[in-house]
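Each structure below appears as structure tokens.
Next come two complexes, and both contain chain A; in the first it sits with chain B, in the second with chain C.
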Partner chain A sequence: MASIALDRIAKVFTRPDGSPTRVLDELTLQVAAGEFLTLLGPSGCGKSTLIRIIAGLEPQSAGSVSIGGQCVDGRHPRQRDVAMVFQSYALYPHMTVEANLALPLVMRRLTALQRAPWIGRWMPGYRRVRETIDRDVREVAGALELTHLLERKPGQLSGGQRQRVALARAMVRQPSVFLMDEPLSNLDAKLRTQMRAEITALHRRLRTTFVYVTHDQTEAMTMSDRVAVMFDGRIEQIGPPTELYARPATRRVAEFIGTPQINSIDGIVRSASTIEVAGAVLPIGTCLPTGSVVTVGLRPESLTPVERAGATVLLGRVQRIEHMGADSYVYFHVLGQARALVLRTSAARAAGLQPEMVFHVATSLDQVLLFDSQGRAIDSVVPQIASVRSFR
Partner chain B sequence: MSVRSLPWPAAVARHSVLIVTAALMLLPFVWMLSLSVKGPGEMFRSGFALLPAHFHGLDNYRAALTAAPLPRFLLNGVLVCGSIAILQLLLCAPCAYALAKLQFKGRGALFALVLLGLIIPQQVLALPLFFIGYRLGLLDSYVGLIFPFVISPFGIFLLRQFFRGIPDDIVHAARLDGVSELGIVWRIMAPMAQPAIIAFLIFSVVSHWNDLFWPLIAVRSESLMPPALGIVTFRDAEAGTDYGPLMAGAVLVVAPLVLAFLLAQRRFIESLTLGGVK
Partner chain C sequence: MTTDAQATSMEHASQSSHGWLLAGPAAFALLALIILPALSVFFVALTDWQFGARTFSYVGLENYHELFADPDFYKSLRNTFVYVLIVVPGTVLTGLAIALLVESDRTLRTFYRAAHFLPFMATLAAMAVAWEALLHPTIGLLNQALSDLGLPTANWLRDPSTVLVTLAVIAIWKNLGFAMVLFMAGLKAIPRDLYDAADVDGAVGATDRLRTVTLPMLGPTMLFVVIVTALRALETFDTVNILTQGGPARASEMLLYTLYVESFGYLQAGRGAAITVVFLIIVVLLTLLQMRVMDRRVHYS
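What follows is the complex of A and B.
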């Protein structure tokens, strides 16, 4: 268990044509000991590069990395006491599962002479060390239910089993930091859900520092203590999952997190306490001057089809409905918006709706998010009485 | 791959072409076998017979094995070809790994040099190598037979291409697991590249077993001669124009390679086509 501190990390790649590309830009990040931190971002945002820099597999162009309070710049990966799980699992295909799991221990516990082919096993102390290795391998294999697979080769395993072997190989030498680079993205949906739970349980049991890279917001939201959302080589926002969802710092974060995606529509500040959106006037106060254009973010679940019209109710025309089982997604058009909005409601409420039907949509005002023209979140003031929650 | 069935005239035409070319390739070989069991009088008789009228095989093979030190030649061949193959592998694999997976300045230029080495024929280098061997006193020894071939640009190229196909993540995982760079070559890359390595070893052993050119330059002592050279001197010195024993000797020299091929035919073809990696 160790903390990680990244201080103004920069990474510049040189393209084949000679022009530099800045992948990471003065990135500073602290990970507490024992924390589960997720780096979340779209592909190409630099999250994988960052985790490779922490592991020491790639040198940073500037800045410094500390693990457990010690600067590890220039240290070889094997001296950093970190273990990594790769997206491709990166198991050694020519070795059995047992040999795959034993290799990190063989390299650390046996001397070069004891590792030598043929003669190694006759070196003094070999058998004693080898027994400790076998014991630890069996223990880890038992913990991850791999004992019956120890004699197999990776090629004979299913995706989920390979994933567990990769996890076990990372666990076996009890590193102080676990790094995981999109470990679940090659699994099917059902297995992914299961492995998510297993990794969370693993973290709870080991209490080791985890840094987890993913582009999948569900993984980030369900597993992490904190999530760092990355765009273009910077951390846009960092915080607990609930905070990122409820109070995104920027429009990009709001749009990246949440399924279906948040509805972003233009609104105009009409007075100190009202904003006009798609024909409706919402009683939301801002500090912006009258006439300013704002982006109003409406989460799909903050919109509800209602019977009655009203000042804070939008008028929508149904485009299509997706039934997800318990929930339904209703896509609809509102006045003055080219793109369809989406709301999420119970299947019962959506039952009465048909495509092309005109209906009323109420908004939960306390869930409305406002962003200025640069995409930064701005504070809003919502009168408690007017909250649409009372409609339900 | 499915086999398309052809209309019968096309099939006949195709097989005729294949049979004729195969026969052309095999004819000298068959002729060699046939001559190796014929007596001296029969060889120059006009008219063509594949099988001998009188079987002289025993005499010919006995002469081949006793008149010249043929077993010694074969042993030399094993020693020289084996040393060359092992040394080539020991040097090529790390070079190929560096060129495939390590980042350093001048990597492209180095690889260009390897490619250059690939297109220079052995004969061009014979004279410089002869001088080097002479200066270092290596001529007329096993070392003299081996040293020009210890570094093989072909081996470096072949293995480099194969190593490039191995994902970087495996190298990264090995580094995190504490494996040194040379350890990665021998513990991870080489076992994964086994088909390429076997293919390379086949090429290496076959070409040096059959090599006549360099041994002709480097060696004078009969006791050091590899098989191909041995056969040539055998013709001059012992057999004269006695072609029966000569052909018998040739058969004995070729036999080990042919036998090895027949025994491991499937494995060889798999390796040469570099299939079944994953």
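What follows is the complex of A and C.
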């Protein structure tokens, strides 16, 4: 267990034509010892490069990396006491599961002579060390329910089993930091849910520092203590999952997190305490001058179909309805918006709606998010009465 | 009912005639160019036919009896095997070493690749002349260099103890580039992640990395290179014919050259055909053996 500190990390790649590409831009980040931190972002945002820099697989162009309070710049991955799980699992296909799990220990505990082919086993001390290795391998295999697979080769395993072997290989050495680069992306949806739970349980048991890279917001939201959302080589926002969802710092974060995606529509500040959105006037106060254009973010679950009309109620025309079982997604058009909005409501409430039907949509005002023209979140003031009403 | 059945059978007939029509050209070429000549070799081996003669008679296994009673044939067989046993490991090891060296550094990679591949592209008959000049006992560059360094010289192509090794070295020189190019392609196909995993797992030294990742992952390429090099070495003919004519004292006579001399020198077509059959059996056996032995130790991921 060790903390990680990244200080103004930059990474510049040179394109084949000679022009430089900045992948990471002065990125600073602290990971507490024992924390589960997720780097979340779209592909190409630099999250994989960052984790490879932490592992030592790639040198940073500038800045410094400390693990456990010690600067590890220029140190080989082997000397950083980190373990990594790769998206492709990177198991050695010619070795049995047992040999795969033993390899990190063999490389560390046996001397070069003891590792030598044929003669190694006759070197003094070989058997004693080998016994400790076998014991540790069996222990970790037992913990991840791999004991019955030890004799198999990776080619004979299912995706989920390979994933577990990769985890076990990372665990066997008891490293102080676990790095995981999209470890679940090659699994099917059901297995992914199951492995999510297993990795969370593993973290709770080991209490080791985990740095987890993913583009999947569900993984980030369900597993992490904190999530760092990355765009274009920078961290846009970092915080606990609930905070990222409830109080996104920017419009990009708001749009990246949450399914279905948040509805972003243009609104105009009408007075110090009202904003006009798609024909409705919402009693939301801002500090922006009257006439300013703002982006109003409405989470799909903060919108509800209602019976009666009113000044604070949007008028929508149903485009289509997706029934998800307990919930339904209703896609609908509102005045002046080309793109359909979406709301999420219970199946019972959506039952009366049909395509092309005109209906009323109420918004929970305390969940409304406002962003200025640069996409930064701005504070809003919601009247008490409205927020009380919106508690459902 | 009957009309239905008739229609179906007619359809079948037309389908199968279409099939034959489509497969016809290829089947004919296969028959005319490979199967019939091969069968005729098996047949000729059972006769005493002399090349160009109008008559021949059936002699059964007489050609084979003579062949296996002939010490010169055994010598040729032994030479061939020794030669293959030098050429295959020599080509594979140097080819792999050069591929690893070239891949380890980006600079001049294409140049090295082209330079090493050149001998493979060149006609060996022309190259053999260059080798002959190089290996000339008195004015050859090799011996001059050796004597300048105070090292013992040799009459490389005229000495029974060196001739076979010299021919093997020329074959290695020629096949090296081929093996190297294949190994380079194989190296490129190894997933980067495996090397990263080896880094994190602590397999850092060159030998550890070779043993953990590179060599096992090159297994399929290795199998292919070994088989192809062995087959090419087995059918060596041009260097023997141009440089040594099997001499001195049959020290460099190999199977294909013996076959050539018997068939077209002494015009003993029946005997030549028998050697061809033996050669064919060796090639097939070797291929099967290599496939079986190495398939078990090779890991196609």
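FYI, the second predicted complex is superposed on the first by the 386 of 392 C-alpha atoms of A that agree within 3 Å, B and C clash if a C-alpha of one lies under 4 Å from a C-alpha of the other, contacts with A are read in each partner's own complex, and residues count from 1 in each chain.
Here is the rule we go by: a contact is a pair of C-beta atoms (placed from the backbone, for glycine too) under 8 Å apart; a residue touches a chain by one contact, two chains touch by 3 or more.
Quantities reported herein were computed from a predicted structural model and do not represent experimental measurements.
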| item | value |
| --- | --- |
| Clash-or-fit label for the pair chain B, chain C on chain A | clash |
| Touching partner for A:L314 - first (chain B), second (chain C), both, neither | neither |
| Contacts of A:S88 with chain B and chain C, given as first, second, both or neither | both |
| Which superposed partner A:L167 touches (first chain B, second chain C, both, neither) | neither |
| Partner chain(s) touched by A:L370 [first = chain B, second = chain C, both, neither] | neither |
| Which superposed partner A:V177 touches (first chain B, second chain C, both, neither) | neither |
| Touched partner set for A:P104, first chain B, second chain C, both or neither | both |
| Touching both chain C and chain B, counted on chain A across the two superposed complexes | 52, 55, 57, 76-78, 82-84, 86-88, 90-95, 103-104, 107-108, 155, 169 |
| Residue ranges of chain A touching chain C (in the complex, touch as defined) | 52, 55-57, 76-78, 82-84, 86-88, 90-95, 103-104, 107-108, 112, 115, 117, 153, 155, 169 |
| Residues on chain A engaged by chain B in the complex (per definition of touch) | 52, 55, 57, 76-78, 82-84, 86-88, 90-95, 103-104, 107-108, 155, 169 |
| Complex interface listing, chain C residues touching chain A | 191, 193-194, 196-197, 199-205, 208, 211-213, 216-217, 219, 299, 301 |
| Chain B residues touching chain A - in the complex, by the definition given at the top | 167, 169-170, 172-179, 183, 187-188, 191-192, 194, 278 |
